[in-house]
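Okay, so subunit A shows up in both of these, paired with subunit B first and subunit C after.
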Partner chain A sequence: MNRFDPRRILLTLAAPAMAIVFAFIITSLVLLAAGDPIGETWRTILDVGSQPRSISLIVNSATVFYFSALAVAIGFRMNLFNIGVDGQYRLGVFTGALVGGAISLPRPLHILVIVLVAMVVSALWAGIAGILKVTRGVSEVISTIMLNFIATGLIAYFLRRVAVPVAGSNNIGTEPLPASGRVGGLSLIPDSPLQIYGFIVVAVLAGVGYSVLLNRTRFGFDLRATGSSETAAVASGVNVKRMIVISMLLSGAVAGLVGMPVLLGEAYSYSLAFPAGLGFTGIAIALLGRNHPVGIAIGALLWAYLDVSGNPLQILVGVSSEIVTIMQGVIVLSVVVAYELVRRYRISQEQRRVARQLDEAAGPSEPREPQGVGV
Partner chain B sequence: MSSGLQTGVEVERTSAPRRRITLPIVLLIIAGAILLLSLVRVITGADDIASSGTLNAAFGLAVPIGMAGLGGLWAERAGVVNIGLEGMMILGTFGAGFGGYQWGAWAGVGLGILAGALGGLLHALVTVTFGVDHIVSGVAINILGLGTAQYLASVAFVGKPGGGSTQSPPIPDLPSISVPPASRFLGDIEQEHWFFISDVAALLRAFTLGFSALGIIAIALVIGTYFVLWRTAFGLRLRSCGENPYAAESLGVNVYKYKYYAVVMSGALAGLGGAFLAIVAASAYRDGQTGGRGFIGLAAMIFGNWRPGGLAAGAGLFGYTDALQLRRGGESVHALLLVVVLVLSAVAVLQLVRRRLGPAAIGAVFAALVLAWYLTTDEVPGDFTGFTPHVTTLLVLALAAQRLRPPAADGLIYRRGEGA
Partner chain C sequence: MHAIVGENGAGKSTLMKILYGMQRPDEGSIAVNGRTVTFSSPSDAIEAGVGMVHQHFMLADNFTVLENVVLGSEPRKGGWLDHAEARRRIEEISSNYGLDAEPDTLVEELGVGDRQRIEILKVLYRGARILILDEPTAVLVPQEVDELFDNLRELKAEGLTVIFISHKLDEVLRVADEITVIRRGTTVGTVVPAETNARALAELMVGSELPSPETRESTVTDQPMLTVSGLTLRTAAGRAVLEDIGFTIHKGEVLGIAGVEGNGQGELVEAIMGMRRGDTGEVRLGDRDISGWHTRERREAGIAYIPEDRHRHALLLEAPLWENRILGHQTQEPNVKGPWIDRKGARRDTQRIVDQYDVRTPSIDVFASALSGGNQQKLIVGREMSGEPVVLIAAHPTRGVDVGAQAAIWDYIRTARREGLAVLLISADLDELIGLSDTVKVILRGRFVADVDPANVTPEDLGSAMTGAGAKE
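Showing the complex of A and B:
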């Protein structure tokens, strides 16, 4: 599997490259049909990459997306669709903000408590779907979608009960975190007026942890085995039900981190204006990155890049920023199609290669014998 | 697994005999529901829970949910899971706004259907032709549908009178049918608040108050779907693709073709649901108009056990809770708690009679809890009533998942000639 094969790497890169080119063509066609300036739109989008301020924004968004995609990817590796990352992270960050604003502790401990509360709440919320699946056979796709809506209602209800007015707006939010519960930023990008979330360190650690957990532990092996073939996993002694609940809890716990960079590094309180819908972005990015920790990072950066590049479009060229959403949607769809086409191509190549080798082994003129005779 | 090609009306898998749901049984269920509601109405004095206004609003809210659910039904009966319904519905709202303000309401309906069908075609292309996972494709189509509608809206509606990047110019109304004399007569009976009789009058009166032509088409589509899918050779073949595509293939059915038909139809129905929202409910396209109704439609379909009748009941139930919430929400939904108590108690007693003590105890405990909630509060918070459909779906799935029967090959990827 791990042997270096340039053809293999080329094929792996071919799919996303094809998808981006395809998305470029489709988006240009849409712009053309709508009568918007094509050249200027692309130039504006490309320019975004050279501005330090935009780069900071991209890295910050990508950090948030990374957690979300990682949470989804844990489920994916196990053939579980955690569509509920969205509700899980919002419930988690809301509770974390609530607890964090109410207590006062010394610095590292305060932050730790907030993060743990968020992770536990998100994990438990995801766990409901896991329990329903193993005890009652309820598809996690449907249950997590429903739990998203329920989370929205619960948050709205409790927010109204505990909220205080957010300073300088007519928005309401939780009590702001004291200084001991905040994570400072890092000045990673030269010349940028914005700082990078300090939480990016945790994102990197989470990526490494994900990789180690899946590839270097028995649990990770069981998880991947169950994802590849449930029957084979059962035969080798894996308790699939237990695995489902644990992976849902784990996925939810990572989902609890999604809101943390923004809460601890920028907003300091959960208000109605807190970013929503990040869970769905995570699904798309996990698909782009093929559940690979590095792939997801690249996918998150690409997604964040497109997101950020939408802003100047409206102002500079007069093109609606939603053209970027179209491009993101096309990229996801074409990436999954391209991966599927590459996979099929690989299988047919493999079959051809095996057939050729068998022919050679059997000798040029002799008829092939069944059951390995003559090997 | 091979039972998919039986020619019966219903493919039975369980050995336990299941009662066929016939017209008298349906009428009995409706009568029972009215009886329950009027009992609760008399006890609580919350007149709105069975008023003709509420029921009329409930129907209007049930139509888009029902159309999305019917879309899901078509796709899943052919074995393709469609969680892209929400995106297709959004495309439908845009199509309706675009066509509606320029060429009239019916053009809006047509373009809404067409826009939804295009979304369905894309889903079919990705899942059927390219064999991509159905959920993955659905998620992507939801992203794409939203972005496309928002982008096109800002191109098409900005600068038009009454329009903007998040709203289309107003759409003219569709014809609606109302029967004033009958409505007045039934209204008099309803005003008396007699037990049961007034409630029946309210139910009938709901259908005499302004009733959109598109609503009638929606009812016809539910009934039509039943006849097409369960009473024709076309429908049998289509459903066989959802039960066992390889068996269908061996009998010469072009599975790809049927899946395409089903998924395009699915998108068209979701688009129609979106068009109803834009034209009838709001008289304009608005950004975020669907509000997750595509997902609720999917829930209604599951609630209805992948059958048109059950789906209509589910959509009706969700539309009803929605209507209650909009009209004096807290008080009405609070009264509904008593309905839940009565239903749960009935379930508990039924289980006790059948000597199944465990489920009976669970039912009794929950009934007691809800009763306590009812007695200790005066209102249910509006935020809670908003997710009533979703909690209902979770409960139904948790309690009845073993009795639900999705199509056997639902969500599986089919490649021609690769049957085991």
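Showing the complex of A and C:
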């Protein structure tokens, strides 16, 4: 058993650590080039972590990011690039808000209906891309991007028809959810004026469910097999077409949860001001977290941290908050490169280690040569 | 002409990589024409006049011979490809060495033997005086091998040096002037062909007695296990890849299929496994028609499958061995319990396979990519023999496997056959095919063209039948 081999763990951590250091250097260079105060910028960014209010903000946006990244990761594990999480969650949350505002049910049931409607709508929207791929061979990258645009159009169109003015602004939104359709917050962070979304519990459950599904079930095995070698999966009897459709539906269903923490815990209606673009953030975080449920959680927290630190930068130091976006971008790029380097290093290391151990164990036995990968 | 022989894993390929600058040696030196050299990349090797013909051809199908040859070192005239100059040089080399290449033919129209000549031409075009050929005969039928050897003799006559890597001893003995045997990474001897024979050479190579693929008594019964009839498969363009293929394999029978690669064997296997649907025809397992079944149902019904390309079809390279044990048997004991993966059961059974089939690995948690080819193959064979299969589809089961593992795999197949397994064996190793099979059919351009009795046929006769040159029986 070497599942908890310390060297493996060290290698796993090496890549993100390298990426963060690299991002730190690049960002500092950008600050230097722009003539902004480097030391003060970093101090402000670090300070964010010690303020209870900021911590609450970070945890809340990380919760939202987590769902989004999880949805993307399901596709990634099967080599499916669901770029359409963005359109899927917005369509889902819009429909959920619409239905939730129109019906009245007792409390747990009301919430359940909203969540289910959002998940089903998002799943079906993603399913379109899956069906197109297996029947017509349309790349899911293209179709999901297109479906994002269509979703944007559909929501804008229907919002005009059903919207009510949002009190105290010229914003428009769906009918607000009654109290029975709202999820209360949790006071998890001491001394913080803000509560944490109650939906964080669902995020934790989703992470556990994802891990169990992929690692412990037959379905998960088929999914991972298809992702790591489609040819081998076909030869082993996996019905790849069916898997594509099911994975897209599953990915979409999780995408349906992305908008829920905000809808049920804060906004209570879908308006023009509802956060958009979360699906794309999810792609970056899934890459950062390497599709691992814990990795994604850490990635989501890091991303949220940087997001939240943008504000004080602007106010206190006078540095444009876009510096944070630059840093996020550099992290993602370097992490992808670093993971690939570590992956190759690990494979060649393992081949060497196995050869060495066998030589030691067997002495003058059958000779062997390490096989190149993918040759 | 110098030959280097050694079983798989003896270090032949590594040696070649070092000679061609693809890998750096830890110690030692290489001298070309008495001058010590260090190669840090293949281009250094080419500069020193060393050229390599790889086992797997590196040609662009949709380019002409001329374009393929000049690719990467094009003669230029003012920034444009100088076709006239390229043609002149190719024709010159071609006639000097008797390679008879036609510069304007598309590579996709060429056969395997022709392609190999183009590879040689490519190397000569780059000014090589020392040619390294890595297992050049692995993909050729006997007649093509003869042609290749004629070409090589021509090269030798013109003063070139040829280094020839192989594990086919009879070939080596025929062409080489000197033979170096390596085993486990060291030179165990250098001999001249006149003073040795295949058997002595083989024993030098293996360091022990030689196995042989022969099966002794027949175990064929009259109970049909796998029946294929009228199987036809066409490409989108309507060309028949398989045409009216039919055969029956009985319990305890090994049916061998001989043929030059690319004559429909791969498609036949995929059709039987349900990975590709035949246009017409029927596949029956026992007395059940399984034509409409999905691959998984066929596997569950007891069809085991050893694919031709283990990296593409039989393994998840970046997954531990025990997960690879599950692959292909995702719905069967002891790997799963209902919808759940049974980790304990799968791990225990992987350990059993590792012990029983002598898979050399420090642990069942290492990635499949960390094992040598032979050990990967033993794991696959062990896995496919699990769960009491009734039919085994084995495509090149010992390809790229060292002699020890090869003998073991033959043993497993023989044992299983004695216990009533029906085997479809596809192999390019004619000795293996003749030695293991009860019946041999020859496939050519998607059709069976001959039935051969393995008891009284030579590899040469079989080779003729495979190219369509021999008389049909």
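Quick note on the criterion: the second predicted complex is superposed on the first by the 348 of 375 C-alpha atoms of A that agree within 3 Å, B and C clash if a C-alpha of one lies under 4 Å from a C-alpha of the other, contacts with A are read in each partner's own complex, and residues count from 1 in each chain.
Assume contacts are C-beta pairs under 8 Å (C-beta built on N, C-alpha and C of every residue); 3 or more make two chains touch, one makes a residue touch a chain.
Remember, predicted model here, so these are calculated numbers, not experimental data.
Of the two partner chains placed by the overlay, neither subunit B nor subunit C lies in contact with A:276. Of the two partner chains placed around the shared chain by superposition, neither subunit B nor subunit C is touched by A:172. Residue contacts after overlaying the shared chain place A:337 against subunit B, while subunit C stays out of touching range. In the superposed pair of complexes, A:347 makes contact with subunit C only, with no contact to subunit B. Residue contacts after overlaying the shared chain place A:18 against neither subunit B nor subunit C. When the two complexes are overlaid on their common chain A, residue A:30 makes contact with subunit B while staying clear of subunit C.
Against subunit C, the residues of subunit A that register as touching in their complex are 1-3, 215-222, 224-225, 228-229, 231-232, 234-239, 347, 350-351, 353-354, 357-358, 361-362, 364-371, 373-375. By the touch criterion given at the top, residues 81, 83, 122, 126, 130-133, 135-137, 139-148, 150-152, 154-155, 165, 292, 295, 298-299, 302, 381, 383-384, 386-387, 390-391, 393-394, 397-399, 401-402 of subunit B touch subunit A in their complex. Across the complex, subunit A meets subunit B through its residues 30, 34-36, 81, 83, 132, 136-139, 141-143, 145-147, 149-150, 152-154, 156-157, 160, 280, 283-284, 287, 320, 322-326, 328-330, 332-333, 336-337, 340-341. For subunit C in complex with subunit A, the touching residues are 7-11, 13-14, 183-185, 273, 275, 294-300, 305, 307, 311-319, 323, 326-331, 336, 339-341, 343, 360-363, 365-367, 369-376, 402, 404-405.
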